[in-house]
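Reading through the structure tokens given below for one structure.
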Amino acid sequence: MSEQLRVGMVGYAFMGAAHSTAWRTVNHAFDLPLSARMTAVSGRSPEGVAAAAAKLGWDEHTTDWRSLIERDDIDLIDICTPGDTHAEIALAALAAGKHVLCEKPLANTVAEAREMADAAAQAATSGVWAMCGFNYRRVPAVALMRQMVAGGRIGTIRHVRAQYLQDWIVDPSFPLVWRLRKELAGSGALGDIGAHIIDMTQFVTGQSIASVSALTETFIKQRPLTAESAGLSAAAADGSGLGDVTVDDAALFLARLDGGAVATYEATRFATGRKNALRVEVNGSLGSLAFDFERQNELEFYDAALPSAEQGFSRILVTEADHPYIAAWWPPGHGIGYEHTFTHEVRDLIEAIAAGQQPTPSFADALQVQLVLDAVSRSAESAQWTTVESALQRA
Amino acid sequence: MSEQLRVGMVGYAFMGAAHSTAWRTVNHAFDLPLSARMTAVSGRSPEGVAAAAAKLGWDEHTTDWRSLIERDDIDLIDICTPGDTHAEIALAALAAGKHVLCEKPLANTVAEAREMADAAAQAATSGVWAMCGFNYRRVPAVALMRQMVAGGRIGTIRHVRAQYLQDWIVDPSFPLVWRLRKELAGSGALGDIGAHIIDMTQFVTGQSIASVSALTETFIKQRPLTAESAGLSAAAADGSGLGDVTVDDAALFLARLDGGAVATYEATRFATGRKNALRVEVNGSLGSLAFDFERQNELEFYDAALPSAEQGFSRILVTEADHPYIAAWWPPGHGIGYEHTFTHEVRDLIEAIAAGQQPTPSFADALQVQLVLDAVSRSAESAQWTTVESALQRA
Amino acid sequence: MSEQLRVGMVGYAFMGAAHSTAWRTVNHAFDLPLSARMTAVSGRSPEGVAAAAAKLGWDEHTTDWRSLIERDDIDLIDICTPGDTHAEIALAALAAGKHVLCEKPLANTVAEAREMADAAAQAATSGVWAMCGFNYRRVPAVALMRQMVAGGRIGTIRHVRAQYLQDWIVDPSFPLVWRLRKELAGSGALGDIGAHIIDMTQFVTGQSIASVSALTETFIKQRPLTAESAGLSAAAADGSGLGDVTVDDAALFLARLDGGAVATYEATRFATGRKNALRVEVNGSLGSLAFDFERQNELEFYDAALPSAEQGFSRILVTEADHPYIAAWWPPGHGIGYEHTFTHEVRDLIEAIAAGQQPTPSFADALQVQLVLDAVSRSAESAQWTTVESALQRA
Amino acid sequence: MSEQLRVGMVGYAFMGAAHSTAWRTVNHAFDLPLSARMTAVSGRSPEGVAAAAAKLGWDEHTTDWRSLIERDDIDLIDICTPGDTHAEIALAALAAGKHVLCEKPLANTVAEAREMADAAAQAATSGVWAMCGFNYRRVPAVALMRQMVAGGRIGTIRHVRAQYLQDWIVDPSFPLVWRLRKELAGSGALGDIGAHIIDMTQFVTGQSIASVSALTETFIKQRPLTAESAGLSAAAADGSGLGDVTVDDAALFLARLDGGAVATYEATRFATGRKNALRVEVNGSLGSLAFDFERQNELEFYDAALPSAEQGFSRILVTEADHPYIAAWWPPGHGIGYEHTFTHEVRDLIEAIAAGQQPTPSFADALQVQLVLDAVSRSAESAQWTTVESALQRA
């Protein structure tokens, strides 16, 4: 029987549910050197966390996340809370020698992210590992895309075209939830979904974003307060029942990548009809690749080396046993879903921990994404082309 | 300057307009040994044919189609009338030494079709040529499909899946037009659109349909009489203002092809939302090809010889200069439309006439389609598997 | 805490893995009156079943399926074995008062299926329930399709167009596995995948198949024997290392449904490039619906009641909270996969058991599918249109 | 019989061929108050223009474009030459009282475009009309898109996403043709294809681009000289056989529109596999519309007012008689092609001239596009957000 990797999870909402599915599933799908144990979950509401533990399958629950870190029978802290709390929890966990899986974006500020990356680098020297949860890297079609780019199938990359389009707040009567408040969420569409396409395109191309020119927009400036948001001092109602939206609804930017490609990026919550359209297209000198998460089991590939009369974008159904991760699942054409990206994520994390190797994306990788987010924000404010700060630079 | 091919066209409705476009256009698009001259058009209504001649670009017009055949300054008779008149006109034209282009289906009965094919065979011995207008063979994507099958790109053919789906009479208040009367149209969806998929699949695969099991259905048995149809004695109104639909709304059949493939065919005017969905898919031992006329500039190709992880149906945009017919038109990606199929048809016809070669599809090819239509009708009536009669068999 | 539903599963291969995922997941996704407990699994190989129990999450394992039925602490028998064993197991389980979930097809013969349906009807009188595993009914898009048809959104149904296309045995060197032997599998593509489109179309339309005209084909008559199949006396090797394929590679049929629709059906393992293309299109007097499992999170809908200029097939992303089953999963656009169909299946089964109601599809429903399969087989042999026997008829 | 509109065309290459098709076809497709007569074509090469006149259907030909303007029997000058010659020809034609149709972009510089717009405004006072050839406005799907936006079907516009992707110079061995030299072409992808998406998005949204942030890139800096380009002094060969590419291969920009929308634009000749992918998506508060010229007969529409469970992007086949321009052509589903956009263009031009009304896009509209192109170029050079100069501003 394999050894256990005992997990304590902080937070149990959307990401908590997704991660729980992954921890519950991973050893049933993959043969791994460690067996995940869902030891305990923490959350602020006693009733909420108790119900979540029962529903999601955690052995124990607590309202005190610090108690998870203090326990000897927990090996890894899985952070699924809003971004403003990531740094404190991750730093404490790493200091206590716990491995850490932290949801993206790594933090709400570069300063926090840098501190976390430093701590992770330090911990790594004693075999304690930290990973950031850019789960979309583990969509099989995206992993295949990376393999094909790395294998030279599309040659020198010229263009990157990245969009993450959603529409869940198009209606002006949608309320002022925490994701629309800067002090909690850090930013709006930019950090929430823009971070994913930044990470994914850098992962797929092997290039880093070097400079950006950005604009951000908040189409709906005020929204109805909720019971939750009404209590936020910063959302200070003026009696109208409305509070200020303090994050971007949409963020658009141009970029130059350090390998010579040029790129457009767009993250928005106002693309009516687009539900989770995370789209990346890469054009190279020898071919192109295109992906849309709304059709997550497919990858489009254009091979310019084929006979001219037979060239065309092919729809690869990424469900073959020789495609990344797929051998663990079902026969060709049967298709997997969103939660599998998290199962693949913890699978790779378990493999790395067992092998004593750095899991990816590391906190350093995630800091780099944070530096791009920061450059985008600064560019949008200054209306200037802005260079992405190096992860190695210091204030 | 090239010599002329002087054309007399009979009929000026839908097909007449399409053929006129082709004759007007063909020498502007292609360099050809003969120059088409639109000498005269005939039609039953004096006003109608005069207006059509002016609109469609014919030099002269007449109400007497026989006069076209009698003229020395006409080389080719183009027959665009309903199917019940094809035989009489074609036989007269061939007897007079005129080349003939006849719209499909060749005739309304096998007997007529056989007589026409015999006459065409006889005429061919003196260099007078006859061709049947299965225009969809000349969609570039379909021509490419044929090239690829003939070139062995998909290996041994196992399956044919053919559909021609329309929806223009779904509404029960749609009137009783001539196409819904057996004495004029011969059959309904079967001969009108089913004939196209029979011809196309035999063309693409190089195999002939050997036997069929069919059903036909008329969903709406009576429809409102029009001014035109009210006059038809056969539609004999009973005072209800309704007349009987005497053709099939839909025809479905299974088939075995003589090369070993098995097939499904479906022709219907009741596929709500499908406007002109002429679809053919062919699965072979080494790959597959799929076409849908609603996206006529595309061909889907699956190449089972590619590396497993890269296989997928590719969308070939059939607009490259090395694709059939395309060099005459626009740059890649610019797309052509329905009428181009007729321009390609008369282009190939002119080339064949100038070369003294049999144009295809010949009347013999069209007779073979008629024999399949006949087998389908007989199968639907008898509810028996029915062998397609050989074109060489005699009553 | 909810009461338990204690499950004993027979068989642990492909379907066993899928069902295990469902039992493991269902209470984490849905709030249900009963909590599934994975009590024990049985299988013929001691090592195999032990490994499967560990991997799939069963508490205990055995090589004797009868022992599962004899245990008092098991409430439900889940049958995931090849079709030739279904009847014996299901009859024993029902006789012992165990609920039964049986994979499709219900049996290999009508006689067995009828006996099972009779036993299930008898058991139901004492609150013991049987269900057959036509899991594709529980794809959210298919469930939505049924809702829309039942709600009259497409009016009177005219056409059904059903295909289940796979390609896993196109290569002649693919070996003679059990699914290619009639004595084990009952039939080939017909029962394996054709059964799904028979069930699905009857489910979606609410109509039953009344009569059929069919053909079946075995393209590759002999295949390499495997260690497993070499041992089968019936596959009697002749020294060539090859054994006979005794089932159909493909089955095609036309059908008339009892509500007036006409239909084409095609099930094949030779559609090169089509991996799991379970496709159903239904055309009605007011609109159409189309589904392809290769894009399982989508449903196409054509609404003929919209303004003419705005009509078109819409791609409904079936991932909204008000779509069937989806509220249990992820936000819009995030997508689910193949195994979710099984989770939905056992969810509905648990609900039905707890409510003391007949789960669907019942064994009677599955018998009706078996009668269609039988009519198809008989039609293919006799080359005659064949009436589907009524489930109520007796020999 | 209708009066004639006698046309003299300058230039006979790609655009000349497209315009010739339009003039030849327009009166056959549409009932119009004026009948186009193809009086004469001019070109620099005596042999070339003679051959073109014969092939394209012009009555006469000349090597002197000025002679066309001097003739009394020519009513309209159609300018199909490279951009550096537009101003001189158009100004001369307008001064001589000839109507003008000028290909896009209107000119190579703002100064020229402004002079042309001034001249056109002056000419309009005497009933002499000028139009610029942004033909893609006349794709039926694009015209429908404009109708739907103007009719409020998608509400307030939030996002515009525009791409014009080609790949014809991806290969570094592709030679240095005139379109790659700034002195002839003015710019590269920007003016050639970027101009189209600028015009189309402004047309569709009814909003103007107010400010931009741009980057341009030339991936391949030198290319093989051709016989033609070797003679250009400015391409001054250094003995390498290579000359400098002096225009952009790709131009990307962000924009703010004056109605509050934010936008991304991308024009490139390096999107491998994209042949003529002119794509525009517009997201509004009530719905979205999306178009891709590679599927020019389709328009995607998302209507957020439909019942939630039935919402989805619908694929409108823009081939119905009540769609723009279509009644002149074929039945639903039959599809038209690239050249039809030009036929629609001259149809609208003839209608406007006959009615004594300003045809659109006017030279003033085209000047506005030129001002955007200029702002994009200046932004790319300065790396600054740049305001689009008003058409009314003076230096």
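Observations
The letters A, B, C and D name the chains in turn, as written, and every chain counts its residues from 1.
Here, a contact is a pair of C-beta atoms (placed from the backbone, for glycine too) under 8 Å apart; a residue touches a chain by one contact, two chains touch by 3 or more.
Everything quoted here is computed from the prediction, not taken from an experiment.
Chain centres computed from CA atoms place B at the largest separation from subunit A. Two chain pairs, A-B and B-C, are compared here, and B-C has more C-beta pairs in contact (counted per touch definition above). Centroids of subunit B and subunit D (each the mean of its C-alpha atoms) stand 37 Å apart.
A straight line joining the Cα centres of subunit B and subunit C is 41 Å long.
Remark: subunit A and subunit B have CA centroids separated by 55 Å (rounded to whole angstrom).
Among the residues of subunit B, those in touch with two or more other chains are 274, 311-313, 317. Across the complex, subunit B is touched by residues 144, 148, 153, 298-299, 301, 303, 308-317, 320, 322-323 of subunit A.
Against subunit A, the residues of subunit D that register as touching in their complex are 154, 158-159, 161, 163, 167, 170, 213-215, 217, 219, 250, 252-254, 256, 260, 262-264, 266, 268, 270-274, 283-288, 302, 304, 311-313, 383-385. Note for the complex: subunit A touches subunit C at residues 14, 18, 20-21, 24-25, 28, 31, 55-57, 166, 168, 274-277, 293-297, 317, 319, 329-340.
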